[in-house]
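The first chain written gets the first letter, and so on, giving A, B, C and D; residue counts start at 1 in each chain.
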Amino acid sequence: MSPLELLKAEVCQANRDLVRHGLVTLTWGNVSGLSSDRTCFVIKPSGVAYEALSPDDMVAVARDGRVIEGSLRPSIDTPIHAWLYRAFPAIGGIAHTHSPYATMFAQARREIPCLGTTHADHFASAIPVTRALTPDEVASDYEDNTGRVIVERFGSIDPVAIPGVLVAGHAPFAWGPDAAGSLENAVAMEAIARMAHGTLALGGTLTLEPYILAKHHERKHGARAYYGQPPLP
Amino acid sequence: MSPLELLKAEVCQANRDLVRHGLVTLTWGNVSGLSSDRTCFVIKPSGVAYEALSPDDMVAVARDGRVIEGSLRPSIDTPIHAWLYRAFPAIGGIAHTHSPYATMFAQARREIPCLGTTHADHFASAIPVTRALTPDEVASDYEDNTGRVIVERFGSIDPVAIPGVLVAGHAPFAWGPDAAGSLENAVAMEAIARMAHGTLALGGTLTLEPYILAKHHERKHGARAYYGQPPLP
Amino acid sequence: MSPLELLKAEVCQANRDLVRHGLVTLTWGNVSGLSSDRTCFVIKPSGVAYEALSPDDMVAVARDGRVIEGSLRPSIDTPIHAWLYRAFPAIGGIAHTHSPYATMFAQARREIPCLGTTHADHFASAIPVTRALTPDEVASDYEDNTGRVIVERFGSIDPVAIPGVLVAGHAPFAWGPDAAGSLENAVAMEAIARMAHGTLALGGTLTLEPYILAKHHERKHGARAYYGQPPLP
Amino acid sequence: MSPLELLKAEVCQANRDLVRHGLVTLTWGNVSGLSSDRTCFVIKPSGVAYEALSPDDMVAVARDGRVIEGSLRPSIDTPIHAWLYRAFPAIGGIAHTHSPYATMFAQARREIPCLGTTHADHFASAIPVTRALTPDEVASDYEDNTGRVIVERFGSIDPVAIPGVLVAGHAPFAWGPDAAGSLENAVAMEAIARMAHGTLALGGTLTLEPYILAKHHERKHGARAYYGQPPLP
């Protein structure tokens, strides 16, 4: 298989895994993955059922959002993916879903506060919410402006430390080193959102002590991480 | 297969898919589909388990609600389906369920407000609730009057833009271009209701900006829709 | 198969179906069924996993609660089943679970109010809660007294119109014409409890209009019921 | 199979069963089991997916936390398991998860009150929460200090009567006579937490009468227990 064929297979699998992880209803979600030379990315076609997807259905798109290969229309959210790949050079995969609990926070326009170590294991602080788009931003180039507003929100935030965002009134985006890694962060964000929702219902509003938060994030993602198995030599 | 046999197979499948989508408990739900000449519709028999349904069990009913073919009694909700087909000429399928979150709103007699783009992708504004029937309307022709009250509620509402309703104290009905399309709207309504329920629990009562709502609905359903794949030539 | 062997097979299947309907965790639930001559009933053995149950493991018990056949200990709740069979001559099956939403109401010691037609289709009014047992009633013959307190609560209530109860601080019992019928009422009670829980969270406290409640219950269970298929001649 | 091989197979199965019981997301959970001579325990390797686990992947660890056999790194929570085995001589298995409802209580830093008999059947009173660790306790030997703080919390509590704990801001630990028994208590704790969460939402704050609590716990775990089947002779 060529590198592009391999990427299509990976991205197809990550899209199908959205269903296995219970993150999507109908066709409300899409995953993309960046080529290793960072010149293009591969994304789900728009409005196609997950169980019907094959690698050949995936659409290859340049960094500026133009389709470069594929017979189907790419996801309607393609300009958002393109913005994120251009703005965040360290990422290689993006997962967008309407997973229920993360979407509840997006709809309530509340960030997801860090209420426990599960959150700290994946996100180094609260998961932020974007501002709403203006009427002008919606009237022309809506999807492109949605990407721009996410990048604006991350002005001083490290997108590797906080690998996801809530788009106000819409739903979450998560990202990672590749398509599978972005899916993993989407799974983590949904579980974290669900537990935050239920913790708030119990009156639990105390955010995790900053020194515990830092410890959990660093033992898994820091320079001297010791979670999991050491990388192969 | 004759057109009627094809329709029975489609409607049977849509009824069985109620279970796959987690929309029904016991036998609490039914789907119907209209014939292409709009002279009759096919509906689930009353009180039969979904896993036991075969296309031959489906009942064909005239637009006035009289059974025209089939050895089983049709769904007890048949007069409601008949009312909707007579009043809404653009629809070709109807799905009735007691799906839990939509039913919670119906029982609370609250419309489902549009709190996000997921809602806007499927329903062009809040999902309305009917008024309760009067004692007289319940005493004679209860099911017929339930259909009449839904149609009354849609006086100035476009049933294509808002393809569903909550019957006060009862449960939701959704509709669409055919049986499968009505099921899709029933799935969407339940997911939207669940997310609205959880958003309200977070104190999120801000409805979606009208210009974002319109954009999302039009990019999927408007004259210049660009969601999904273009229709085959 | 002898009538008793048939009854054991039916009761075994109903116990295994508790899992399929998502009503039980670990071994927290049991179903029994009465013999057609009403001299004995068959019940699940205590503490045995559902997937390991075979009809031969079922225990036959006389109406006074004494084991009459079977090598395993019967369910610890056997005296409660015996009380209900003795007090409610119209019933032929009993299902006890700790299904989550019904148990939440039992723990909150709140009856399940009739908030919609789903409830009315199965229960003719609110599902009642027992009083707590006294220290003396717990100290001697605890299980027997639990049965007695349920029967006391039904003093003026028709157990056919209201086929279930919440034991205060404990969990629900449901019953019906046979083991499968009691399971169906347990499934309905859990779905009703879940929807009532979510309706109350929306501020929905309006109980269903009595004339709608009566209509729904009678069209399914009354002398002139027209829900479902007519009985075979 | 040698005793150690048998133990590895048991512990591997208990880890895989975390998924079957719906207790884990991604790799957020681990189960261990103690050798019959209490000299070492076997635990899941860190960060490995459950579906990929085989008995040979399990890691054997001495009571002081040093690895004595296995090619993979043990769970990052190994020092916590080691503390519990050293401090609680009656236990032989430990299950740690981030199961959602128990974690909500841990994040809200609220004990799980005993609101019903389901709780009493497994835990003889409220399930306690630890204190938060200090900055110094986090800075050096964080995992070791987490174990120490659990043991500190159980100063005057019998860990057999209360086979589990909530670590503040983190998640639950449960234990039992062996790996499978600890998993059973983790399943029970999650179900109890879910029902407590929903009971509190209904305004149900009345804890179970102490004499009913004692009765339920003793009929299942006391010297004259009569729940389940008698032990084989």
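We take it that contacts are C-beta pairs under 8 Å (C-beta built on N, C-alpha and C of every residue); 3 or more make two chains touch, one makes a residue touch a chain.
From a predicted model like this one, the values you see are computed outputs, not experimental measurements.
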| item | value |
| --- | --- |
| Turning angle required so that subunit B lies on subunit C, C-alpha fit (0 to 180°, nearest 5) | 90 |
| Copy pair subunit A, subunit D: interface residue numbering same or different (half cut) | different |
| Most widely separated chain from subunit D, with each centre as the mean of CA atoms | B |
| Geometric centre distance via CA averages, subunit D-subunit A, whole Å | 33 |
| Distance from the mean Cα position of subunit D to that of subunit B, given in whole angstrom | 46 |
| Interface hub residues of subunit C, defined as touching at least two other chains | 201 |
| Full enumeration of touching chain pairs | A-B, A-D, B-C, C-D |
| Touch list for subunit A against partner subunit B, complex | 25-26, 28, 45-48, 72-73, 76, 98, 100-101, 103-110, 132-133, 135, 138-139, 142, 169-171, 197, 200-201 |
| Residues of subunit C that touch subunit B when the two form their complex | 115-118, 121, 184, 187-188, 191, 194-196, 198-199, 201-204, 206, 208-209, 211-212, 215, 219, 226-230 |
